[in-house]
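Next come two complexes built around chain A: one with chain B, the other with chain C.
Right after this comes the complex of A and B.
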């Protein structure tokens, strides 16, 4: 296996009082080292659940019931099926932080307000590498410097509230990078930031990716950012990947009506004259999933007796460009 | 925007804001309430909103844009300056009104908030939420009130069969429709939209933006549209004003501001907008350093600490907001002399349309 990550036929079920339903169904994708995969979709489409499952950080009610998450360690070449690991065992704990790291949307709530930034990043460094407290501090300052925090040696001793939003997000990236992960999962890392800061963070992530040859899974609902950062894109809807392909396939050759709708709903600077095309309706709830294609109640290309009856098959458009829609099968 | 004819000299102003200032106390104070400093969140802001237009107000978080929106409605008490609302032939000095009269004028000026999850009372039904302004202002009651609530809810695209449900039963997009209906039920002339779509998914954003445009046409509304998402603002607004550290740095018709900015800060903002095309990578202009602390803004031009063109004069003297070309206002000592790039004016997207 050359890829760093291969997710196949992943299914995640939710057990609740109302019964058991699937949250993620038949999700498959691959990611090569040094590449960026974007998971895109509206809230409630299962992007974050998919990402959390790679670290086995799912809440108790959610369980992986099918499929595999193969991770290949770049150092040893060893392949692990993360889906089979015990969620609280030592094997997954070794992967977390060391090989796979995650950054979150809200940098304010991801740091404890009670400890200095240096303390919190140093703790991670000490946990994963055999270094003294003093060395951990030096490594931390070096990391903060690397992510562009001015006067990093003084910044080590500051508390999170003394950092601005952009600085905090940089500190979080520094924390995630502290153990030189092979795979970085970034869950909406720029959504809470201003546009100028967003651009800086995106650029920073790209630079660091080049330097460390990291693979990145970038979760976002902002297609503008996707166009900038992604090599490959998975469009998710109601727990399924409805289209997937190279970034140019998605932006220039989109096939699935949902992908096209998302692209048309995005305000673009070149086309201020055009009406935005809204997608009517909402993402269905877990307990009232439509039959057949899950997008059919909102779909402009809906075909009666087909879309509402059968789940469409995966169709290959070209190369790695795949779509799940009755228009093409 | 589609028919973006910039308001000419003849367009009638609806709202005039002059030298608006809002101060917040900061720092440690004694028991007497004295001591501590003052944060000038808004410091000498002047602009005019013309009848029927949408004026965008953009800037990074902490620039004071929301504070302007609130002070204009006197939801926050301004420290100085004036706000004048022109109704029919009457000029109402909003800043000079006593509380009783202010309440009457609020019927003409309403607000839509960012977060439809916290702006709707969870213990009231949607019908009560939308009807409350009518009741409070004694405009309607009984069946007439019900009638008006149904009409406005329908116009806002809310399913009137669901009026007796509570907010928790609805998604973000539906709740925002309720918030819009509540703001419009009194038929105001002027609405402050504070980040009305930034809590929503992109597909739902488009629904709400289109709705706001549609309602503007139907009711002849005038909007002050506050947002940090520059692509959304470009789509929604006729003119746009850019704020930095409590002051306006540039005001212009949307296309002029986006494609031919005159202020280096506007240029930096524009260069950072993701274009949404993998073949057109963006090259953001990097701003030097960090944003200064708003309670201790730099002397002279407030942007000089981060400006790549800054000269001695920028430190010594604050440039006034002056009209550089017709309708294009900018506050920069070197307006027109700098080689600034606008947001990428790329060819129409190659995405196949359905």
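Right after this comes the complex of A and C.
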């Protein structure tokens, strides 16, 4: 296996009072070392659940019921099926923060208010590296400096509420980088931030990716950011990957009607006067999934007796470009 | 930080002064005074006391002076360590209270320790194993604990204690130790009896704090900062203790003073039912007899305990939560 991550046929079920439903269904994607994969889709389509499952951080009511998540350690070359690990066991804990790190959407609440930033980053350093408390603190200060936090040696001893939102997200990135991970999962790292700060954070992540040579899974709503950072893109809808391919496949050769709608809904610099088209209708609820293709009630190319009956097969458009739609069956 | 502590201390002193005034007014509130109740008692015994005699007594005790003079006279003495004289016992108040106060304190603090030692681990367990059989059992016990009145629990435990364990009914000592000098054996005997009032006084608080711990922890356990910390690779137990439990201690600590208040205000009735030789029965008796200085001293001591409990809880909170600490520094 050359890829650092291969997710195949992943299914995640939710047990709720109303019964059991799938939240994620037949999700597959691959990621090569040092590359960036973007997961894109409307709110509630399962991006965060997919991301959390890679570190086995799912809440108790969500369970991986099928498929595999193969991770190849770049150091040893060993391949682990993360989907088979015990979610509270030591095997997954050795991966967390060490080989695979994660940053979250809300920098304001991703640190405990009760401990200094230095304490919380130093904790990860000490968990995975044989260093003393003092060395961990020095490493932490170095990391904070690297992610652009001014006066890093004093900032180590500050509490999260003394940091601004942007600074906290930088600290979060520093924490994620602390053990030189091979894979970084970034779940909407910029959504909660001001536009100007968003750009800075994206830029910082790109610089650091070069330097640390890590693969990144970048989750976002923002197709502009996708165009800027991603090598490959997965378009998700209602818990399924409906189209995936290289960036240029998606931006220039989009096949799935949903992908096309998303691209139409994207504001483009230069033609701001062009009217923005919102996609009609809403994402279906987990407990009233449409039969057949899950997008058919909102689809412009809806074909009666086909789309609402059968789930479409995967069609290979070109080498890496795959779409799941009856138009191409 | 120091300034914040200083502010708390000053406000505590002001609070104590206010409390002393309220305490004094409270003991004056019931109609009549010690002279009246003394005369009443004598009259019931068949002895006739003339109005002049009552007035003379009032004059001797200083009860005919204006209230504020009586107050300053009293509080002046208290500040100098003189709590006045108990007319009922014909001894200085400090002597009467002194021999019993130790037991009251022992009871209050044992109850506090019992409450938290039991409530915190059970609350944590219930939250982590939400909806497990253990959680359901603890929840049920908790509601029963909250709903059972103290006096009832006292009676039940008295019965159980004497029927099953052969404990002498009530009291804090077996008859052979009741009047004995303090010794290790007497101390052991006291512990063997102390658990009954501790359980009676502590059950409701334990149930309440357990529910608080469970509810707060359930709230915290799914917060982003916990998941983010888990993503760093920390073990589940360390994660639990360092992040959500530490956070859930805040509401627990801030109700410490209030918990102590509950214990102290519940103690006299329980002490009466269980006939404990502490300050509880003394207090009730002093109130009934209008033994003014004794009752005043007791109210004051109880209030001081509560105020100190609140102060301790404030200081603990300051120590626990950097947000409050740094707020004050600015």
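In this section, the second predicted complex is superposed on the first by the 329 of 329 C-alpha atoms of A that agree within 3 Å, B and C clash if a C-alpha of one lies under 4 Å from a C-alpha of the other, contacts with A are read in each partner's own complex, and residues count from 1 in each chain.
As a convention for this text, a contact is a pair of C-beta atoms (placed from the backbone, for glycine too) under 8 Å apart; a residue touches a chain by one contact, two chains touch by 3 or more.
Values in this document were obtained by computation on a predicted structure and should not be read as measured data.
In the overlay built on the shared chain, the residue A:252 is in contact with chain B alone; chain C does not reach it.
In the superposition on chain A, contact of A:162 is made with chain C only, not with chain B.
In the superposition on chain A, A:222 makes contact with chain B only, while chain C stays out of contact range.
In the superposed pair of complexes, A:16 makes contact with neither chain B nor chain C.
Within the superposed three-chain model, A:86 lies out of touch with both chain B and chain C [touch as defined at top]. After overlaying the two complexes on the shared chain, residue contacts for A:154 are found with neither chain B nor chain C. Under the contact criterion defined above, no residue of chain A touches both chain B in one complex and chain C in the other. The touching residues of chain A, counted against chain C in their complex, run 52, 55, 57, 59, 88, 90, 93-98, 101-102, 104, 106, 109-116, 120, 123-124, 127-128, 159, 161-162, 172, 175.
Those residues of chain A that touch chain B in the complex are listed here as 42-43, 150, 164-165, 167, 194-200, 203, 221-225, 227-228, 230, 247-248, 251-254, 257, 260-273, 275-280, 282, 300-301. Within the complex, the chain C residues that touch chain A are 222-225, 227-236, 242-243, 246-247, 320-323, 326. Within the complex formed with chain A, the chain B residues making contact are 1-2, 4, 60-61, 171, 173-174, 201-207, 209-210, 228-232, 234-235, 254-255, 258, 268-269, 271-282, 284, 286-287, 289-291, 343-354.
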